[in-house]
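To keep things simple, chains are lettered A, B, C, D, E and F as they appear, and every chain counts its residues starting from 1.
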Amino acid sequence: MPAGELQYPSLPQPTASDTCTTDVEDEAWVWAQIKAEARRDAESEPALASYLYSTILSHSSLERSLAFHLGNKLCSSTLLSTLLYDLFLNTFSSDPSLRTAAVADLRAARFRDPACVSFSHCLLNYKGFLACQAHRVAHKLWSQSRRPLALALHSRVSDVFAVDIHPAAKIGKGILFDHATGVVIGETAVVGNNVSILHHVTLGGTGKASGDRHPKIGDGVLIGAGATILGNVKIGEGAKIGAGSVVLIDVPARTTAVGNPARLVGGKEKPSKNEECPGESMDHTSFISEWSDYII
Amino acid sequence: MPAGELQYPSLPQPTASDTCTTDVEDEAWVWAQIKAEARRDAESEPALASYLYSTILSHSSLERSLAFHLGNKLCSSTLLSTLLYDLFLNTFSSDPSLRTAAVADLRAARFRDPACVSFSHCLLNYKGFLACQAHRVAHKLWSQSRRPLALALHSRVSDVFAVDIHPAAKIGKGILFDHATGVVIGETAVVGNNVSILHHVTLGGTGKASGDRHPKIGDGVLIGAGATILGNVKIGEGAKIGAGSVVLIDVPARTTAVGNPARLVGGKEKPSKNEECPGESMDHTSFISEWSDYII
Amino acid sequence: MPAGELQYPSLPQPTASDTCTTDVEDEAWVWAQIKAEARRDAESEPALASYLYSTILSHSSLERSLAFHLGNKLCSSTLLSTLLYDLFLNTFSSDPSLRTAAVADLRAARFRDPACVSFSHCLLNYKGFLACQAHRVAHKLWSQSRRPLALALHSRVSDVFAVDIHPAAKIGKGILFDHATGVVIGETAVVGNNVSILHHVTLGGTGKASGDRHPKIGDGVLIGAGATILGNVKIGEGAKIGAGSVVLIDVPARTTAVGNPARLVGGKEKPSKNEECPGESMDHTSFISEWSDYII
Amino acid sequence: MPAGELQYPSLPQPTASDTCTTDVEDEAWVWAQIKAEARRDAESEPALASYLYSTILSHSSLERSLAFHLGNKLCSSTLLSTLLYDLFLNTFSSDPSLRTAAVADLRAARFRDPACVSFSHCLLNYKGFLACQAHRVAHKLWSQSRRPLALALHSRVSDVFAVDIHPAAKIGKGILFDHATGVVIGETAVVGNNVSILHHVTLGGTGKASGDRHPKIGDGVLIGAGATILGNVKIGEGAKIGAGSVVLIDVPARTTAVGNPARLVGGKEKPSKNEECPGESMDHTSFISEWSDYII
Amino acid sequence: MPAGELQYPSLPQPTASDTCTTDVEDEAWVWAQIKAEARRDAESEPALASYLYSTILSHSSLERSLAFHLGNKLCSSTLLSTLLYDLFLNTFSSDPSLRTAAVADLRAARFRDPACVSFSHCLLNYKGFLACQAHRVAHKLWSQSRRPLALALHSRVSDVFAVDIHPAAKIGKGILFDHATGVVIGETAVVGNNVSILHHVTLGGTGKASGDRHPKIGDGVLIGAGATILGNVKIGEGAKIGAGSVVLIDVPARTTAVGNPARLVGGKEKPSKNEECPGESMDHTSFISEWSDYII
Amino acid sequence: MPAGELQYPSLPQPTASDTCTTDVEDEAWVWAQIKAEARRDAESEPALASYLYSTILSHSSLERSLAFHLGNKLCSSTLLSTLLYDLFLNTFSSDPSLRTAAVADLRAARFRDPACVSFSHCLLNYKGFLACQAHRVAHKLWSQSRRPLALALHSRVSDVFAVDIHPAAKIGKGILFDHATGVVIGETAVVGNNVSILHHVTLGGTGKASGDRHPKIGDGVLIGAGATILGNVKIGEGAKIGAGSVVLIDVPARTTAVGNPARLVGGKEKPSKNEECPGESMDHTSFISEWSDYII
């Protein structure tokens, strides 16, 4: 294992601006990193070289690589890869904000997830990352009133990645969907920037009534695995939602909600306060002792 | 968005018979709606027209469209689409009850789910709907003692849609599997009519013992996201199971069970009574205040 | 149904050694069973015969059958089936321990899951079984520092089966992943032998910190559906984790933890003791009465 | 080789009616032969069993087998196998004359071509046979004024089999297209019954003028490899056209034309007379000595 | 048949400029015709509508339609459609002369081939047309010294269409490759404008020697089916080569060569003269009487 | 073009042993050349790198590369690539003579065809080379009495490459099938070593009679494009058959036959003598002057 370990050099230090702030990332720098990583991996692993060339090394830009990869992942016998590739490429090319968001998401995975060994690892293999980029395209189509196409894309993402984000949902940037399987985000949900969401998380509605009926997630929030947040509730900036929690209430900024039904750690009146940005620090469990105390 | 909104006209008023009653739907009417929707969408979105023609507009009946769509969705390199298409078409053609159930399920999605913009949206994109129709075919094969084929189909549905319904399970009609990812329904489970089941719901067994070991779900029940119901328990008509609940007990008709482990809202002795048919009204959260009161 | 029932003869009695002990299974015997089952099914169901011949009956050994089946299941347009087949075949051929583990897993499904009607049913249709065998190959690649390939395989398994096991995780043998959808197992997790894990189970980390940060699961443990175990905690041999539990604490051997957050049944001081090997007996619910008592 | 030879039993004696006459074949008998052959081959060659089951043994009739095989052979990413299968099956089912012709063609290959070891060999592997059956369907579509579909089918046959028969061309039954690569038959060509046509044969037009401009081939004609017959000329019953000939003239019944440009063997005035039905006897070379004499 | 006939209106009269002259075609007009034809066909034939939308009606320009169609026709499991689509689209977009040539070729088929019922018929179904457009792209790559890619494309065209044009060969515009199967054109061949070439035509080399070794075909030449022209010979403007001829000599302008070996009709000294442009008039057989006279 | 030209260095001088003699080639040397060529091309053309890695650079030996390439080229929806890959790999691995022959064929293309720019060009792109290697495998299966599989392979080669070589035909080594489209070689044909055969060549039978009925081609023979040789005739060593000839007679060693019907150049009594090995020198046309003289 040591030899293998050596090939992943330590990450360049994130600058101050990487913490909980909006940052215009250098797309070119990230793309250069991705190509360098892919080149190194292609050399060390000939069996994977073809895959790395087709998905990364043959492309002249991140947007082409991503359009190609998504087109091939999401195509089906009735929705051809060429059609999807074209759609993704045109959308990424015409809207730089989608590319900025993709770069922020790549950084989010790379800096927050200790299991993420490289940018290319995230680009190629993270279904949460890929589902999120496809969602951004579906969201753009939705906002252009191209709804049937947006919904077809939505459906393909749900089939292929088991990630179900309604095209109308608004998702910020710098998002980490870790593991991602089973994530469900409803039509009127809003997710801020620098949020980290684990697998099996639901941002669900309150039922049959239409209108604004899904959660609003503030910047820097961390939502643990299997958490279910229902209704038009507000999860404040920097809040933390414990794994497996069922949240039907507003959660104030920088507080933690846990349990089924979820309650605030430290009590409703004087809840404990989190660090600045749990969505980035990804500390799922520091509140265990507190919680245990609270429970017993 | 307004422009886009305009293209989805308000739904024809459901007649009185649409509420919690068995209704022989006019398959022809629904199919005509679907074709009209697909024609409208094909005109407004040329990029999707090919898909809409191949899946809907080139077919002369709902059963052919569905057989085609399922055959192409569920095929693999070792189970060819032509084989599956043939199997689906023959089964749908020979058993009208499967078509009636499909129509009831289409209506269920259209009337209960505010995010469902059209019948064709459900037909094409709802993995819960598609998984359920494939299950009905697998169930029929199972009941004809064609078990290896039923299980192969079961496996494909689990791979493609992440919906795992044992072919022996009995599922009623007018079912809405909303989002559907992660649903698991065991061998001896029974689900009544007009039930709504959210994603990640488990109707599971009690372990190694064989025999009748899975839940029995009454008509009109609503089961929230992530609920786990285990063992040969009875969930009475019109009951409601809260999201994230773990239910190991019988739940009387028209009552609500919540929590982990689940308890009846209002108490075991005099539980609160729900409206007639929560499976249709889809009210996931009206019991929040009650529950909160109950808990604290 | 009786006729169909007849075709599945009662299972040969497991010998004493089948209970919670390591057993060198006769791979040849299991393979002969699988071929006999497939031959019987091909004869009774011509529509499935082509599938059974291509996946089982045309192969001269279990490892070839498995390599073929996995290669075809996990391939994509950018990772060809021939490449994956080659990789699986070479790995299974060169490492007998992978084959022994596969046989133990087949037995685990066959003996523990009442819905498992035959070895071939498991081999062909159990996504948990298939995901686990692919993981073993990815784990071997990881341990040989062929990490990019291991991670690509990991990603395919997560896409196709919705089972996300990090290639570095150590998994014992005789494992039953029942239903399997949504299982997530992190990088430094360790799972012992003869463990049974239901769907939606998470063996997750504690957040951003790298290092040893995932659960250690002892031999013979049973983990119920939707349970979330977080952090470097130790779940002792023969312990049982209730469905939907959120476990952030060590669980002593042969005890049961339930609830969100999970507590020991019988109390922290003198917890109730389980039978020898719940991972094999698969009794999910015998502790219900105890638990109910405990809660109220 | 002897062992292998043994497995192909000598063919049942053709009855008198098999020579140069129209014969209503017993479709059922031929289909039973095909199934028996496929069963024997599947048993002796497990590597081929999956193919034989999917193409032949899983089907209940010749028309289903043929529709399946053609659908899978001729499909493309934009013309799906399910669509083609449906089209072929519906056409074969609704028009018994297509099935009769297919059976006559199977017999033609089996009795005339010494390299044809079985009916199933022809059904599965003879591109000339398959192209001809697809042509019959295209011809029917053409005659129903469904020309764009007929032409799309025509194009697929030309791509896949390198056999280019215009959908309007009229082809009799009991036809052997031997090897078949490169055959081109124009729009107004007519081919009688019991004709044998080798590869690279052209029945071409006279150029830009529209109208009736292609050859008319009488019953029982044999056309050698690479022969080019141009214009609205008449090749009389039982005539023989030498390999590589370029024919621009009428050829009387039972005479032989050879050379470039082609002349009648024996001279224009008193040409030599052939046996009754060279299209069936397939004697390509008995006229060599005559010809040589003629030339020198 | 009459009804079907009616749907193909008589072609607009070609202007004077359509005869044997270079003409800058109105790409937009032809594309509008193609769309109108496809729309009409999609309406009359729902089974084909999906195909027509994906190949033609969903595209905004001829170059996109052509790039899509060629990408899907020529792709393989190791050369993905997305890669080829990208390559074709970029090349067609960046070089207007390729589009002009494509339009001239479409007109050539439409005006010269009586079996060509519409422009869209040619665009979708004529393998000669499609092979020629793919060749133009390969030729461009070759001239940019991107030879390995040019040769890979060349190989795909030869596999898929059985048309083998070396990427270095220079092909003019307004070319009709009628039927096209088996055409072989060597490395140093040159083909002028408004040439018509039937199937099985070879423009071959003289053997092992490298250098300029293939035929030079003048403007307006007509080459009949199966003709073989070998060596660096010159076929003059407006010459005609009879079907099945083997030509090893220069053929003067507006003369006709026939036979094996080919000789000039009318004799070497005073050969008969053709009309202006046989490549357009496509008269394959007017010289028959002359020839017959000559021979005898 | 100069730059591109530069990248193909002049070929190493063939040693004396390369002319018309059997030579045990250094498989390793050729494989090293192929890898070096592919590496150079992958570097200069990123769009092709994925293809080059998957077909060549990821493989450890020529036999694996060839098995992979053929498996992917010849597979269909009913004959999977994994099955074919396995079959090819096992056959190439177990029979070194197949590998020796493949190397000799690679050398034949490289040294005789001026259009062949590299060994890898031949390996990847020459349908004649690929069809011939697949034939060798089919021939081996045939000789092992695995006839149905041999014929299935034969059929795939005929569909994909339009090259139709009966599995029973015996083909020597050092064979160049140039262009190859339309080649047909019958069941009892025999082809010696170092033969060159152009496209559209037929080695055909004499008709219905079974038994030994196809041509025997001596070592070093050259057969021109479109030549048709019929019946059990003997073409002597070093003979040359002119393009478009129709040969029904024995051709003595080192003589040339031309025309339809073919006659010996120089006359039957004292035919002109060729150089030693026309199959290698590939001189198609030096006999033109002679022939012309002969004719007139």
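Criterion: a contact is a pair of C-beta atoms (placed from the backbone, for glycine too) under 8 Å apart; a residue touches a chain by one contact, two chains touch by 3 or more.
A quick map from chain label to UniProt name: A, B, C, D, E, F = serine O-acetyltransferase.
Being a predicted model, the structure only gives us computed values, none of them experimental.
Colleague: When you check each chain against chain A (serine O-acetyltransferase) and chain C (serine O-acetyltransferase), which touch both of them?
Modeller: B, D, E, F
Colleague: So which of C-F, A-E or B-C is the twin of A-C, meaning more than half of its contact pairs are the same residue numbers?
Modeller: B-C
Colleague: Using only Cα atoms to place each chain's centre, name the chain farthest from chain D (serine O-acetyltransferase).
Modeller: Following the centroid criterion, the farthest chain would be A.
Colleague: So chain B (serine O-acetyltransferase) and chain C (serine O-acetyltransferase): same face meeting same face, with over half the numbers shared, or different?
Modeller: Mostly different residues form this interface, as fewer than half of the numbers used are common to both chains.
Colleague: Per the centroid of Cα atoms for each chain, what is the distance between chain C (serine O-acetyltransferase) and chain D (serine O-acetyltransferase), given in Å?
Modeller: Roughly 55 Å, centre to centre.
Colleague: Counting only Cα atoms for the centres, state how far chain B (serine O-acetyltransferase) is from chain D (serine O-acetyltransferase) in Å.
Modeller: 51
Colleague: Just give me the whole-number Å value for how far the CA centre of chain A (serine O-acetyltransferase) lies from that of chain D (serine O-acetyltransferase).
Modeller: 59
Colleague: In chain B (serine O-acetyltransferase), which residues are in touch with two or more of the other chains?
Modeller: Expected reply: 47, 50-51, 54, 58, 72, 77-78, 80-81, 83, 162, 181-182, 200, 226, 244-245, 260.
Colleague: Would you mind writing out the residues of chain B (serine O-acetyltransferase) in touch with chain E (serine O-acetyltransferase) in their complex?
Modeller: Those residues of chain B (serine O-acetyltransferase) that touch chain E (serine O-acetyltransferase) are 42, 46-47, 49-51, 53-54, 57-58.
Colleague: Can you list the residues on chain C (serine O-acetyltransferase) that touch chain E (serine O-acetyltransferase) in the complex?
Modeller: Residues 77-78, 80.
Colleague: Going by the contact rule set out above, which residues of chain D (serine O-acetyltransferase) touch chain B (serine O-acetyltransferase) in the complex?
Modeller: For chain D (serine O-acetyltransferase) paired with chain B (serine O-acetyltransferase), touching residues are 50, 54, 58, 68, 71-72, 80-83, 85-86.
Colleague: How about chain F (serine O-acetyltransferase): which of its residues touch chain D (serine O-acetyltransferase) in the complex?
Modeller: Chain F (serine O-acetyltransferase) residues touching chain D (serine O-acetyltransferase): 76-79, 83, 87, 142-149, 151-152, 154-155, 158-159, 162, 164, 166, 181-182, 184, 186-187, 200, 202, 204-211, 213, 226, 228, 230-231, 244-246, 248-249, 260-261.
Colleague: Sort out for me which residues of chain E (serine O-acetyltransferase) touch chain D (serine O-acetyltransferase) in the complex.
Modeller: These residues of chain E (serine O-acetyltransferase) touch chain D (serine O-acetyltransferase): 1, 3-5, 7-8, 41, 44-45, 47-48, 50-52, 54-55, 69, 72-73, 75, 81, 112-115, 117, 121, 124-127, 160-162, 179, 181-182, 198-200, 224-226, 242-245, 258-260, 280-286, 288, 291-292, 295.
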